[in-house]
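In this document, chain identifiers A, B, C, D and E correspond to the written order of the chains, with residue numbering beginning at 1 in each.
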């Protein structure tokens, strides 16, 4: 358990760091996919099988692929960036991120929530489905609308103008 | 602590009793896991060898040729010859290729598909991992293929590879929707995402017909949609555009040779086995025998028989049909299969709602009504699609 | 009904699949090294030189070089024999055909006035020697009239009859002229 | 012994890495990568809190994670569509160069 | 990225290195410089699985849509015309086999026709019948193979091609029995044919002609009603009537565009006027029309073959005045053309009275039909380029000569 967590955590952090630090954008996205898979593995470790599989399906199967497509469409895939990698105020950004991590870490360690896990709950797909259809039916509907709207919006934004003939 | 940490539980039935004994001997779960992995991998690899030979023989016969018949009697050693050839061939990596990604792509393609093979129930109790969300696992794993196709196509630094990868990704994404929608009908009617329970739900025979889902109108339509989408998902003809050799040479596999190519090839066939296995599980009653009096034959036999039949269907189609064009493929998926799959949902609901009909001939009546809806939609959508593109038979005139 | 055309096609391939097992008319391939097609008499591969009797002295070729001149890819090379005084004799000292160049067009056969070069039916001429192995010299090219009869019975019989008639005509002419000079055919029969 | 703190610290680290990427990199797609990482960190928190809570029977954490994944998908689609639209317009995905409000 | 046919240097004649102006093509997106980043330039061939030989197409794609195409040929150039001017008339005959290596019989015929006009030779009646029989058999096997290749380009795993080859083998067997070679027949001579029909040949041919419709029916069942074939071929690569006429297209491709022009009818060379056959015409000029027209022409060829095999007279097969050696036609010029399976095949000869032609020129149908490739392909998908090329029906031996 501990060993599995350590391995997965290292994988996630390595993947995430590489995803934001590498020069080649395709490598970035592939490392991001590694991080996603790691997070999904953590979900499985936490006993949330359905969420873990959904994470793989959505993040690896959809988000990473979308990013790959965006890379190809914006010609970032075959033209490795030659200019400076980071923006002008990169030092500020990294400092802020480090600061945030420091604050969070202090907060977490000070809060004393580090209790051990209770026995693992039995989480079946049927339970999730029933919960979705009972207590969360309104959010589900709203989410459906949101997804539809965002899909239409994405299509409209990315659509090219009809070619002038 | 969860079903996940104890990955596999292979209990033996009539065919696998030695596995059960082994489990008693080796109490450590890792040993059992390793054995299960080895059995699944080995059996599928052997099946892969047999199927490649069968495919070449079948295609040959369709084309009035004998097929491979030089290596061994009737050419049965041909897969071995192919394997030796593949392994001993030079492994060529393009000079400007992204070496690491180029190396990883075949593995990323193959590994998830072998995982997907682990959740299929091959017989009563003969399932490596009985997942509560087995179907979801199947589709989640399948997404890795898209990434692998991209990795292969992009890292080769070849324009044909890139075109092939773009085609492969677009095709896999588009056909995942009808594939998932057609399986959702089964999940809805069975009330479970567990593949074992779905098979168990198809055991009871009625009216002399087995209780397989394919014998219901929604099951029949779902099966056909599933089969079409599955052919596209596993890049089989007539949807083999990603590697359409007459257009883009080899697609994302253009720059692969030797063993890496063999791994891609193997992944493609494993994908076909996996998706056919899913189809068998969902629609064709899994390992169930067609008739109750044949139940004494081990389930694995029926499973393999159905798998061979499905694969042979794929080969038959491959020997007959030319391939579609990329935009036609998209149209076919989004404008034909998707609406049809959605309508199939409605049909399933109607089937469910009319389950209470009691008058004589009610079953037949339900069947015909539901089938009529699906068939009508099929005809209408197909006609509309062909007519919009002004595609149809033509009559020719002669000069006077 | 959409999809009907596809089903019709599938039916057709199924018919061919099963037909290939019982209908020999559908099954056209043969297992080549074990099984060989019977060639028609007219089949041609590469040229050879016909001789009557002795493989060297019996060659019909008189080294007239017409075939060398007419050969489209120029694959024939002929040097006539000379006697001690340098006079050209009607016999080829060198007669080479580069089979790697020859395209088997049969023009040399048609233009030969002496019926001395004919088309062979041997087609398995592959060799590991890329440069020397495909240049056939006089001794490799020479094949007997019996062999010619064997591969092309009808044509060879006609040619023999024609040659015999020619010889008779020549002899008659010679007899009529009462000339001591030997007839052309007889010369060829004797020696260069 | 695995405790909640492990997961929370990992999640905080993941969030910070994503934040650093968002703030420091110039390329719009890498910025989106960072945002996705931050969302993942949040999801990890949801599930960790659900799993380590005294009473895990209500599925609030799982539900939150599921909804968050769905929203993230929508966000990625729209975000990448925007990147493509910007690229079409400005022929670059460099965020430092697309700071002009005028088209 | 895209370095050829830039608007700046495209139309400057005489500038070394400047690309040839693409004929009749308006550069569609040349004014939208900023779109160039989206272009993908690929070179299809000379080693591409479906260029039907060593042929190259430089494509510029936007997505998968073709916006520019430059055919590049000449990889198979072997100086046929100049070689012919250096050798005797007879020696060129086997070289004509190698022009369109699918149809050596018709190539022989066209060349023999030109020389016969030049030398004033009369072809005996039996030889005319033999010529028509062999030419129509050639048309059958050429069209069958073309359709097989087209289906191969569509990705049909070779099944239709194998069926076509099965029939072609039977026809080639007949050619072998007749001329001694399957493909490089070298059969016709000035003033007739080389040798008479072997015994039993006519009977075999009659049997083949009687069996052939079975193959055509099978082909039609397999392909013409197939929705995928229709969707792939219909509306793709449409060639307008005007462009077809202006570009000098000939053969089935011209008739697919609806132009009634068949040299067998127009010139009535040989004894074609004695046979009843119809000329099918297309209405759309797209790939499907080209495909179907060949199928229909095969049926018409069978209608020519049946009476020809029945009525063939006995008699000499070559003009008695024809000489093999020392053949020197009188000075003059002649153009002999026939309806080869691929279109108008013509030989133009100028004689100065010597044993070699003074000028020897081939009018190859494949090359002329290929010139409009770019017009057909613009705006189509990259997968269509392959089938458009396939439906044009080229043989590189004839294109490059």
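Everything that follows uses one rule, which is that a residue touches a chain if its C-beta (ideal position, glycine included) is under 8 Å from a C-beta of that chain, and two chains touch if they have at least 3 such contacts.
Just so you know, these numbers come straight off a predicted model, no measurement behind them.
**Q** What's the overlap between the neighbours of chain A and those of chain D?
**A** In this structure, no chain contacts chain D and also chain A.
**Q** Of the chains present, which has its C-alpha mean closest to the combined C-alpha mean?
**A** Measuring from the global C-alpha mean, the nearest chain centre belongs to B.
**Q** From the C-alpha centres, identify the chain that is farthest from chain C.
**A** So the chain farthest away from chain C turns out to be D.
**Q** Looking at chain pairs B-C and B-E, which one is connected by more C-beta pairs in contact?
**A** Pair with more contacting C-beta pairs, B-C versus B-E: B-E.
**Q** Could you work out how far the Cα centre of chain B sits from that of chain E, in whole Å?
**A** That gives a centre separation of 43 Å.
**Q** Could you give the separation in Å between the centres of chain C and chain E, each centre being the mean of its C-alpha atoms?
**A** Here chain C and chain E have centroids separated by 31 Å.
**Q** List the centre-to-centre spacing of chain C and chain D in whole Å, with centres computed as mean CA coordinates.
**A** 82
**Q** Taking each chain's centre as the mean of its CA atoms, how far is chain A from chain C in angstrom?
**A** Whole-Å distance between the two chain centres: 78.
**Q** For chain E, what residues touch not just one other chain but two or more?
**A** Counting only residues that touch two or more other chains, chain E contributes 37, 159, 163, 166, 222, 224-230.
**Q** Send over the residues of chain D in touch with two or more other chains.
**A** none
**Q** Two or more other chains in contact with one residue: find those residues in chain B.
**A** 62-65, 162, 319-321, 386
**Q** Which bits of chain E are touching chain C when the two form their complex?
**A** 87-88, 90-95, 97, 159, 163, 166, 169-170, 176-181, 184, 186, 194-195, 198, 218, 221-230, 324-325
**Q** Mind pulling up the chain D residues that touch chain A in the complex?
**A** Going through chain D, the ones touching chain A are 1-10, 12-27, 29-30, 32-34, 36-37, 40, 43-44, 47-48, 50-54, 56-57, 59, 62-63, 65-67, 69-78, 80-85, 87-88, 93-96.
**Q** Can you list the residues on chain C that touch chain E in the complex?
**A** These residues of chain C touch chain E: 2-6, 8-9, 11-13, 16, 26, 28, 39-44, 66, 70-72, 103-107, 110-111, 113, 119.
**Q** Name, in rising order, each residue of chain C that touches chain B in their complex.
**A** Contacts found on chain C: 1-3, 6, 9-10, 12-14, 16-17, 19-21, 26-29, 31.
**Q** Which residues of chain B touch chain A in the complex?
**A** So the residues of chain B in touch with chain A come to 1-5, 98, 101, 131-133, 136-137, 139-144, 146-147, 150-151, 154, 162, 166, 169, 173, 176, 191-193.
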